[in-house]
Amino acid sequence: MAGLFQLLPLETAVVVSMAAPLVAFFVVALLDRSPNLREAASITAGLVTFYCAVTIFIGVGDGARPEIDIVEMLPGLSLKLAVEPLGALFGLIASGLWVVNTCYSIGYMRGHHEGGQTRFYMAFCVAISAALGIAYAGNLLTFFLFYEALTLSTFPLVTHERDEAARAGGRVYLGILMGTSIGLLLPAVVWVYGLTGTTDFALGGILGQVSANMPLVFSIIVCLFAWGTAKAALMPFHPWLPNAMVAPTPVSAFLHAVAVVKAGVFGVLKISIYTLGAVELSQSAAADIITYVAAASILIASAIAMTQDNLKARLAYSTVSQLSYVTLGAMIASRYGILGGGAQIAAHALGKMTLFMCAGAIAVAHHKKYISEMRGLGRVMPYTFTAYIIGACSIIGLPPFAGTWPKFLLMLGSIETGDAILVGVLILSSLMNIVYLLTPAVRAFMDPVPGNQAAEIKEAPAFCLFPPWFTAIGCLVLFFYMGDIIRYLEPLVEGL
Amino acid sequence: MSDEQHPDILPEERSIFETPGWIRFMWFFVPGTGLFFALMNIVLAVLHKTHPHFGWLFDKNPVFYGIVGFVSFSFIVLVGQHLRKIVMRPEDYYDGPEATMPRINTDDEVRMRSISLGETDE
Amino acid sequence: MIPFLPAETNPAIILMVAGVLMVFFGPRGRGIIGVIAVALGFLQMYSLGVGPMGDAQMYGITEVAGYEFIPLRLDKLSVVFATIFHIAALVNVIYGWQGATKVEASMGIVYAGSAIGGALAGDLLTLFVFWEIAAISSVFIIWAGGGHAAFKAGMRYLVIQVMSGLLLLAGIALHLVRGGSSEFGAFKLVGEAGVDPVAALILFAFGIKACFPILHTWLQDSYPKASGVGAVMLSAFTTKLAIYALARGFAGTDILIPIGATMTVFPVFFALIENDLRKVLAYSLNNQLGFMVCAIGIGTPLAINGAAAHAFVHITYKALLFMGMGAVLLRTGTTKATDLGGLHKSMPWTTAFTIVGAMSISAFPLFSGFVAKSMITLAAAEEHMLLAWLVLLFASAGVLEHSGIKIPYFAFFAHDRFAPSLRNGAPRPKEAPLSMLIAMGLAAFLCLLVGFYPPVLYGLLPYETDYHAYTLEHVATQMQLLMFAIFAFMLLVRFKLYPPEVRSVNLDVDWFWRVPGRKALMAAVQMTADVWHAIWAALRDITGQVLSGIGAVHRPGGLLARYWTVGYTALTTAAVLAVALLLAFLS
Amino acid sequence: MLLDDLPVLPVILPLVAAPVCLLLPNNRLAGSFATLVAWIALVLSAMLLHTVAVVGPVEYALGGWASPLGIIYRVDLAGAIVMTLVALMASVTFPYAIESAREEIVPSQTSAFFAMFLIVFAGLMGVVATGDAFNVFVFLEISSLSTYTLVAMGAKRDRRALTAAFTYLVLGTIGATFFVIGLGLLYQVTGTLNMIDLHDRLAGVDNKVVRAGYAFILTGLGLKLAMFPLHRWLPAAYTYAPSPVTAFLASTSTKVAIYAMLRFLFTVFGFNFGFIDVAFTFFLILGLIGMFYASLIAIFREDVKMILAYSSVAQIGYMLLGISFATVDGVAAALVHVVNHAVMKTTLFLAVGAVFYALGSHRLSAYRGLGKRMPVTTAVFLIGGLSLIGVPLTGGFISKWVLVAAAFNSVLAVPSLVIVLMIVASSLLAVAYIGRIAWTMLLEEPVGRQPKPVPMMMVVPMVLMAALTIYLGIDAATLVSLCRQAAETLLSTGLGFGGTS
């Protein structure tokens, strides 16, 4: 089995994994007229990419660190890829879930009779390529470039519906993401370059001198990175996420679970480890501030989520809350904080993916998006709602689902750094999750079908039903394999 | 066991436990048994076959248990019922009309209903 | 011994897998799978072998990131609990053979599996995992009760249970960070440096599931909302898992004695005035837990044996009582005392079994409760804990009141509400279905078996024992107590001093979070959301205004973008020159 | 030998060719001829660049008269770079103009158009090549005067070209006048117009005349290079001039003026001149203001050409900023941006010209859905736009990066970080105005008539420039090191000569 994934040299795999979606981009464009072939092309590219990501994942796990210099524009200024465990993990998740998401998109887009499907799949191809670029980026500049590419390539997805709401949502999406990345992230990158003369990622960070001599500067840089990576949806730069909910559901799933928000928190985590340096970070006052902002994000977003009647909006706020966990872990910057952050990226991806795909399935089968309309729907769509419950349990952090371990690791991390109050936040967050995530599904099962008609099972099309179940089972499986992921990520925290 | 004549039901609807004879029997049986065991305890105490851990006020006293049983029970019932003055509320106090929201109608529930009517006993 | 299955196979996993499989079968298939799974699990557990206390058999040890997982640890203490959990699971399967819905049947087995897994867990995280699975699987059983009240009760239940789990998790985390071992052993609540926060957190977590006073309301709130079958399932596992955990982690912790004593007392009064008989049983359950907690607090080998024995017998008779009430619920649609009475005429078997349960719980000699409870009172006496001992005696009278008398009396005797002559249209309810009777019979048999032949139970207990329940002294004192208490009951009823049943709901401490707490929480949530929305709207407005302000100035025709004539432009040039000159001369 | 004449040949050639061109008939021949000349000039400039890079500054005495008396042509590395740049732009825009001019120029003026074009070309080359201060003025006016004509030729499509040309004429003349006044003042003090002699004689001289001359030259050249707030001639001139003219002017005329400014600042005055700092302060403040002011205006314009014209003003701010650091890094950054901006702006204006050719409008509304109708042009435009924003893998990114690095490495009155932040912020504004156009092109549905197909002669230059934009973004090391050397030469002694470095 493992041999199957050792056919390609890792460098080749990296290139292919990013090139395959781009090739698919053109193929999809050419196959505009024959939807089946077009989707086949998307899935094929997805599988190729996934295969490469697995190859890379295994290779990196064995200690290899493939590096590719794309171009060196100036001495010290280059675009390069360098894969390390965290990136390999993120690449694996993104590419794997892309396949699932594509399958789901087929069901959703056709079931929902969406227009502009070719454009839709094309944008997806670019976006996934950009996401992999983020995952495998070898320096801040490359990271930044792909980060922007991801923003731009997902923009047509967000505004897919092309109505006024989509435009408004798209404006906020683009405005916040571009504004923060250029206004905050870019200066941070440039500043780091100015201070150190390099932007390369290096384990342990490159700002040790700065942190020692200029703590204030270091603090400002920390803040710039934390908020500049607005894809991580740290408050108050989160509104792009709920605003992007105007998009079709596969896009939401993509934003929340596969790539975009994940890219943000991945970025925060990676920058914390590889640029700022965990040791420096744990001593920095700014990190404390961000930690508490993240903690506040967790709670405030949960509170807002509770008040949302639109299921997707509720899930969006839930993401804001859940992904602040990663930021929290990154800013705690202790051994377990970082491991917890990494684990949360994986666990949340599967869980939230499930939830979104279920929400989409409900929309496809019954055109319902408000929770208040879903009462009694559970008995009409039992499989969808069961998958939803599994996803919700994983997000809440209940065993035997994957979301359990990150929470535990983060608790360990918070205690390690003496922030007992964060443990309270994590607990409270879980309890709030129960209320706002489980309630809709349970009510859907328990309340009577409106009009007291007999409940006849009417599920979404198979393409909308199997993917959420796939990820739901993934939540279960990952619970048992989380130990392996933690072992996998251990090189990140060596010496902490 | 019932020690009270039910005012409304017909005599032929009564079971043996509701007959005056049974009730009379109970009025003898219960205190009688109690006294019997109290006596037995006194005997045991006299024969030093008991193993008390506390003083005369407590288990060294052979009828202590009877007193405890009687007094505790009476205390619980007589004092406990006054708790109602503080905590008792109408049945729909918490959930209001939602408390009576109809139950669901899954296949299982349909089956359950038929079982409860005794239609499909196996 | 030769393992029955691969040695690493956890009986809990067998049950859980079976529970998931059940989803795909009809009622009979579910029953068969359940029985097979329980049997398999039981055989597997015993084939692995039981170690004595302190020298447990351990299986499946793995290490992740420096943490040692011990999924299976079999010693006397864990196995006695796992055994009774298996028995309870079997009884549940049989009881629910016809009546359990798909969710109840499958989740019931998963739930049983989680309790077994929790009891056999050798390390803290494994315990946590099963702890939480018990919470999730059981909440479905509550929800399966149906109706909005069940939904809300289930939500509250889940929140509280998960909170327990998370506190446990936090405790574990703290424990590990402080360099504690991963194995689940004894904690010391009060060390040399004062109260140990690790132990406090974990005790609090256990306390929630063990229904410590004030933390107890989830039990009375939710169990009566489950279906008849569901309540039986619920009654067995969660709280006893907590008792096991307390016995393992906090044996001899002094604070548990007053806590346990309080637990035995306060439910008595609530049970007295409660109308819903299943809720009465829930209070009774709480009261019984108090005995166990108290025993654990005493902590001597006799007391621990007593706690384990009491947990063992308690599961059987409490299940029996719940089964009786479940049958009543099934046949009459209610368990409210005000709506019941006279059922012994048409449900004689149910009546008989319930009375066996009632006598067991009241600790009549020859019934199982006597065998176990006397151990606890004796342990208290032997340690010369006068107050505790007195409270336990008082509570024994209370048990008799609410479980021994009230349950059978109001359900099966008292006013006959189903007499045809009352012409309320309802036929007399039929006897419970066969499967339920078998289950009740099984439980009743166990109650009597243990009552008649205590060594069956004593052999299972964690510590070696030479305890004999049936001395004349024990029998005489206990009978004396019970008979005079019953006599008191008769007198009270005779003189109409016994409170009449009233349709009502009684407030408990959960009022604080169900009414003002809920409102405050909702208000806080709404306020947070509103404040954020206001901020966001303001930010949008400000951004919009700034942009349009900039736009107004820079738009064609705006102040800074106006088209100027050549003359003015030339003038600008002159001005720049002037400034340049000025600067050049001044610098 | 040819090589000895290299500094002067690229100047003379177009100058001589211009009258010839005027004699040619009004058809493609004139354009082709001009193109040929430009290409030859490009080859010569490239050879010059190579020579200068290898052997150092070259010198040519016009008519054989030696330094103090005669007119000297001196080309150092900075000059060679700018000359090559100008020649390159000419050789790209001239062929483009052949097709484009048929649309935008009155047919009877074709020959004159190309003749003027050649003269502008020659003038710009001359400004760079010459080592004589007065000669700078002469060539500047040669190019300016013909530029006015070229701008006015846009009147075929839009009468406002005449007003624009007139404004440009007035202001350009004012600038030239100031410049020549400044020169006169210096001449009064030093009695020479040779730059190196000027430098030598100005050393240590500090009187009101010199100061006044300094201020006049600063203002005069400032106007020529469209330094804020002296930029007012630029937007209208660029907007209403024919497309190839705009492309050529945007990429060369201000750049050459920048070069002249550098030359005067560092070669003529130099650091030992006491109040050279005035210029740096001036540039720093005005550059920063210009960056924001012009970008903001650009955001709210509806005419794409106007947007790009304002963007040019903003971009000049970057160059001034680099110069204001007064370090090798800063000047090198300014030079890099001179090149990169020339390339990207040409790309953009060529694309705009293609759209104008196809749809006859510069209005933003004409750009709706262009991505579907004119994919190549759109792609080219986007590449140019991305470069303008400063996205990695484009030339614009390199210039900004080098500029930022220079800011960090300089000790300035304002903290470097503030400047860096402002650079970044103005990039954000570039995102806004380019984003607006991109949005229109990509995300809106096409309206109106189908575009005319764009001829190959226009597409190829456009694509070439786009490719060059990207090339400069990828292989930036060559350019940056060249510019660094050039800057070192400029700053080393304050002299362009003598020093080997």
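Each chain gets a letter, A, B, C and D, in the order it is written, and its residues are counted from 1.
In this text, a contact is a pair of C-beta atoms (placed from the backbone, for glycine too) under 8 Å apart; a residue touches a chain by one contact, two chains touch by 3 or more.
In UniProt terms, the chains line up like this: A = Proton-conducting transporter membrane subunit; C = Na(+)/H(+) antiporter subunit D; D = Monovalent cation/H+ antiporter subunit D family protein.
All figures in this text were calculated on a predicted structure; none of them were measured in a lab.
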Worksheet item: Looking at every pair of chains, which has the largest contact count?
Response: B-C
Worksheet item: In terms of CA centres, which chain lies closest to the overall middle?
Response: A
Discussion item. What's the distance between the Cα centroids of chain C and chain D, rounded to whole Å?
Written reply: 80
Response to the item:
CA centroids of chain A and chain C: separation to the nearest Å works out as 36
Worksheet item: Just curious, how far off is chain D from chain A if you go by their C-alpha centres, in Å?
Response: 46
Worksheet item: Counting in whole Å, what is the centre-to-centre distance of chain B and chain C, each centre being its mean C-alpha position?
Response: 25
Worksheet item: Can you list the chain A residues in contact with two or more other chains?
Response: 445-447
Worksheet item: Considering chain C alone, which of its residues make contact with at least two other chains?
Response: 146-148
Discussion item. Where in chain B do residues touch two or more of the other chains?
Written reply: 101-104, 106
Item to complete: Would you mind writing out the residues of chain A in touch with chain C in their complex?
Response: 236, 239, 299-300, 303-304, 306-307, 339, 393, 396-400, 404, 407-408, 411-412, 414-416, 423, 426-427, 430-431, 434-435, 438-439, 442-443, 445-447, 483, 486-487, 490
Discussion item. Please output the residues of chain D touching chain A within their complex, sorted ascending.
Written reply: 391-393, 397-398, 401-402, 404-405, 407-408, 416-417, 420-421, 424-425, 427-428, 431, 435, 442-443, 473-477, 480
Worksheet entry | Residues of chain D defined as touching chain C within the complex | 166-167, 170-171, 174-175, 178, 208, 211-212, 214-216, 218-219, 222-223, 229-230, 232-233, 274-275, 277-278, 281-282, 293, 296-297, 299-302
Fill in: chain B residues touching chain C - in the complex, by the definition given at the top
1-4, 6, 8-10, 13-15, 17-18, 26-27, 30-31, 33-34, 37-38, 40-41, 44, 49-51, 53-54, 58-59, 63, 65-70, 72-74, 76-81, 83-84, 86-91, 93-95, 98-104, 106, 108-109, 111-112, 115-116, 118, 120-122
Item to complete: Using the touch rule from the top, collect the residues of chain C that touch chain D in their complex.
Response: 550-551, 553-556, 558, 560-561, 564, 566, 569-570, 572-573, 576-577, 580-581, 583-585, 587
